[in-house]
Amino acid sequence: MAYEFKVVRSVEFHETDMAGIVHYSNFFRYMEVAEHGFFRSLGFSVVDHTQPRIGWPRVHAACDYLQPLRFEDQVEIHLLVSEMKSKALSYVFRFRKLNAAPPLEVARGKLTVVCVTHETDGKMKATPIPKVVADKIEVAPADLLK
Amino acid sequence: MAYEFKVVRSVEFHETDMAGIVHYSNFFRYMEVAEHGFFRSLGFSVVDHTQPRIGWPRVHAACDYLQPLRFEDQVEIHLLVSEMKSKALSYVFRFRKLNAAPPLEVARGKLTVVCVTHETDGKMKATPIPKVVADKIEVAPADLLK
Amino acid sequence: MAYEFKVVRSVEFHETDMAGIVHYSNFFRYMEVAEHGFFRSLGFSVVDHTQPRIGWPRVHAACDYLQPLRFEDQVEIHLLVSEMKSKALSYVFRFRKLNAAPPLEVARGKLTVVCVTHETDGKMKATPIPKVVADKIEVAPADLLK
Amino acid sequence: MAYEFKVVRSVEFHETDMAGIVHYSNFFRYMEVAEHGFFRSLGFSVVDHTQPRIGWPRVHAACDYLQPLRFEDQVEIHLLVSEMKSKALSYVFRFRKLNAAPPLEVARGKLTVVCVTHETDGKMKATPIPKVVADKIEVAPADLLK
């Protein structure tokens, strides 16, 4: 059972904006990269090829920005599972700039995703998280989520 | 004095992802486009050329996703000023898909930005919102923010 | 029959990079927005809902950059059909900054797309451009393509 | 002296579009990531902090697309220096999908960048590539560029 995952990225030029810092929308892309890495670490892909196809649309996303990130900064994205319901998962994310001494927390994020099936008419319908997935995931200890 | 702004966009192909819907990070770009349009509607640009340069970094951003948006959907982004402090502004955003009958609320967003000066060492420092700007902005009526 | 299409955009903040100018990759997004507008102007969408589904993957893209574009610049993207084969279309694009006196050419682009069907195994297969589409498109006069 | 650089990326979800493949504009971001990695491999950053600041705006970019890339594909971007002038550098790029047997060439790119100084009025002016940089770069052997 797993409740966390870490990934480190180097900030890329196209992720910056004219203010010289990572555009705030990109933190949500970083969160998703960590989420998908978490799934792969469990032996799954978020893109599932069974029928009916499972998907994980977002229902809530949030981020608190503490410090800017700049080009070539090394940022660690630390995913923690904060809640698990029958059809939904919530994560928190800690962003740390590693090329600072000591490493500096630069942002905190949250994401809630719902497990859905893609119906043949293109609609999405909430569905219980498959047991094979749910059995591998647990909520992180409370003190890590503070 | 103004407390709201609306902009309509047509969803572009590159804004979608392999799930066939607008990538969730792009809602934050839509919010910012509305914010910048709001500033222009007041006669300002968020990119200021006075010295020292003023900037508006984000300290908090959030979005609740109710329905997906797809390619060529017409989406109205409705910005409302929800709070004004001496150095910070908060907005809420209502996303409505106009090519639905009746128009369909698809998402709600929030953004808090802080007014800063860019110091010569590259650092940002919180500063009171210039009076010329603050004088043109007011908080939206409470019933619109519900 | 049509051989051209024009669209005007206002440069958005998230399209800039830390050099203070529109990131060069975004010119390719602008080209595609003009291409899709061209299709809509003919009464079609590039996203087709017939069976088997038609698609238009790119096989070649190029851009020459003459001048930078900055936040809030007004840029006109002028699409011209430069070649039409049974299964492929080529376009050239002229980018002009309208908030300059006189308007300033800032870039020139090229795009070649192929008409394909999406097979049930996910593969794409080149196919003749549907007659209903081809009948509405012609190559631009040579002097416009110089 | 160096004439090449390789980097491997895993395709991220947000890089795909509703056609289920990497959006064609993102190949240009991949090229730039390889270019910046090449610079770091030489001991430099493309973002220079000397005065006047040096920059490397693009004057030409092109890509030929042979095969699509999909989510979680492993793509190697192989940069080769194809030409060096006093004020300009040209690169070619080979994109290979590594999770294919044998690895599959999926695209070829080209990029020409010019060395500039950023003047105090915001304008950019072409300038000779600094000797300390030029001394570390050479053109790749002709047979590698075929």
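Couple of notes before you dig in:
In this document, chain identifiers A, B, C and D correspond to the written order of the chains, with residue numbering beginning at 1 in each.
FYI, a residue touches a chain if its C-beta (ideal position, glycine included) is under 8 Å from a C-beta of that chain, and two chains touch if they have at least 3 such contacts.
On a predicted model such as this, the values are computed, not experimentally measured, just so you know.
For chain B, the chain whose average C-alpha position is most distant is D.
For the pairs B-C and A-B, the larger set of C-beta contacts lies at A-B.
Put simply, the C-alpha centre of chain A and that of chain B have 23 angstrom between them.
Per-chain Cα centroids separate chain B from chain D by 34 Å. Centre-to-centre spacing of chain B and chain C amounts to 29 Å, using the average Cα coordinate of each chain. Of all residues in chain A, those touching 2 or more other chains are 13-14, 18-21, 25, 29, 32, 47, 71, listed in ascending order. Chain-to-chain contact here is organised exhaustively, every possible pair of chains being in touch. Put simply, chain D touches chain B in their complex at residues 13-14, 16-21, 23, 25, 70-71. For chain A in complex with chain D, the residues that touch the partner chain are 12-14, 29, 32-33, 36, 40, 45-47, 71-72. Residue ranges of chain B in contact with chain A, taken from their complex: 18-21, 24-26, 28-29, 32, 47, 55, 57-65, 68, 122, 124.
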